[in-house]
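Worksheet: one structure, shown below.
Labels run A, B and C following the written order; every chain starts at residue 1.
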């Protein structure tokens, strides 16, 4: 976080190298910077409403995308990690906030049903630690290289993940 | 004395609920800490998947006993985003006024618990007494005293009761008088300052990285308040300051919450003044379309977020709740280490624990 | 008439009554039984036996009076905290006398509760700790006279009490840390252990300024006897020349009786109930009651040492003057208790060693100067 203080007021460093377009709003600049950094894995960048953008990232590049978001684009606060159990896939949704440019990005990563594994981002944001444990506990998503991936809300000997759709109490 | 682990909880006067803080002490100094939560897990996210959209409002109220109105408000915001419903302007003003009352009540409850933790009995009883004023107002508005069940998807349940403006102005005047008294009582006490200043310092970088939000983060010098920076409802119309403090210690957290109560009094006055006539509720659709909705509000404890996934039926496919205190507690070991055992109550009390929303 | 004469008269009358019956019974018996009866009757009427019984009755009277005062103290504690903290306090049980019977009701309730000893506790220490604590605290009351006529005495001379009574009271006052440490240690619980350790550290560090402040009083009065100390304050109560010592003494007393700014050993937010965590039923009730006994003793000591004891205008009896002053000291304690938060252990020790101890020494120097200068 040492470079945080040297950043300019827009909070976006990596953007400066891109060809400047006068009048472009910060949402599009973040989306474009993300797409240029990860051309193969980041897709579907849209602006939902002012200040809120959405992008999809492949799970292979999730960790590096998050590092880029934090270190280069100024998204220094991980708001929420939610895991959603769709019929054909798990979606792990990261809501990440930038305190400097007042933006919220909704970064969606998917994992197949039979292999619900993604990389842990708790080394990027310390606040991700317990939220990843919660997702593991309730939804059964396994986070690679998490420092302590244990159940947190349920007792340690519970055998199921209750928020999955195939769970019947 | 050798190092030893102490369980502060699950049944302990410090916890204000049901959780366990394991601290390792060397004599009286803390060398390690490890929070354990989950004793109050009720599976609210799973329950919500089996309820229709309006049925969830009372459940959302049960998330936090201290500030239940903000949670049902947040739920309604989320579902309105999902359903794309426009709320009448009068309803927005009523909501803002009510949640600011709830914010004052919640902060007063925090102050009461905090004073009780520090052994200041008079602070406990006085603040709980004055919380009654706001609870009575909310009772007049909503009909109940703890879990209000007042916001609706597309507005609020009913209009203001008669003479409500007059009572509210009186209550706000009374509160401002009392807040002055509390500042004399707390800031004027040398022992209170000894127990707070320089205790439990959370540095700005740590606070941001660990996901601490709300008053605890603003006390570390981050000027970020969702009401100002990502405005929802009619907060852009309101004129108020974001309370911040530079020090990041227990006293700063206390100071930020006190200042927030002053600002909430201002917001209540403005909301009453600017409140337009008109409808206070529209009928929302029964089913939500397939898609996602996101709501973010500034809870009294921090940044509260809900993420709803709809699938075209009348029940949410998934409702994820982000509790601010859940993330703040995970940062507790970072704050606690190095201080004395007696500072645990000051530090954890200063973070404003609410186990209902923490464990969901 | 003083307490000794009163009790002696009662005992004399009783022995006479019984002996009349006794000798009359003896007349019906053979001579060898009759001699035995006469010998027993003579022993009962002997001066030594009468004195012994008198002292016993005196002790009972003193303890009963003191415990009634302790009940009053507990009632004041509850009522006053209600007034300060904006609630009513007890009023239901005995509401015609302001809820005074509430303490008795609590006592009955505590007596009927099961007494539990934790399995892994050290049984001997666990049982002994309340005994030592209560015993040492009640012993203080024996030597504190309420006036020149109301105290434990062996002669009918007014004011002839234990010659080093003040010293004895302070010594008995300082046995308590041992009992607390024993209770905390033998309960085999981490909270009680920390509470006991804190208590020991606290009491030892506040004992020294307390004794130094009391020493200045002894220096001025030139005696350890309560009557002499009070008589020495005939012209001027000692809290005027020894004001620093008075304040130090009061603060140390608050620390000794463990009420709120200094109630670290039982800091309920941190240590649940401190060193009494494992005690339940009447054992806890004894601790609770003894805390009030110590408050009473502390108020009485402050009254006798600094506030002129039983001296006051004639229209109120001496004993009542003494009690009024002790009650006022206790009320000040309570007022302070509900108005300030609790300090931390390191802050408290710093305050004791770095502030109170130099002040107490300064106070002792002032007292020495006053004495050697002959001003007092």
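Keep this in mind: a residue touches a chain if its C-beta (ideal position, glycine included) is under 8 Å from a C-beta of that chain, and two chains touch if they have at least 3 such contacts.
Fair warning: this is a prediction, and the values are worked out from it, not measured in the lab.
Look at the CA centroids: the one farthest from the centroid of chain A belongs to C. Ranked by how close its mean Cα position lies to the mean of all protein Cα atoms, the top chain is B.
Centre to centre, using the average C-alpha position, chain A and chain C are separated by 67 Å. Inter-chain centre distance (chain B to chain C, centres taken as mean C-alpha positions): 48 Å.
One finds 25 Å separating the Cα centroids of chain A and chain B.
By the touch rule above, chain A contacts chain B in their complex via residues 1, 4, 48, 51-52, 76-80, 82-85, 93, 95, 99, 102, 104, 106, 125-131, 134, 138, 151-155, 162-163.
For chain B in complex with chain A, the residues that touch the partner chain are 37-38, 41, 43, 45-46, 205-206, 208-213, 222, 224, 229-230, 294, 296, 303, 305, 307, 309, 317-318, 320, 322, 326-327, 329-331, 334, 359-360. Taken together, the chain B residues at the contact with chain C in this complex read 1, 4, 6, 8, 12-14, 28, 115-126, 129, 189, 191-192, 194-195, 340-345, 349. Within the complex formed with chain B, the residues of chain C that make contact are 81, 84-87, 190-191, 194, 197, 260-261, 263-264, 267-270, 272, 337-347.
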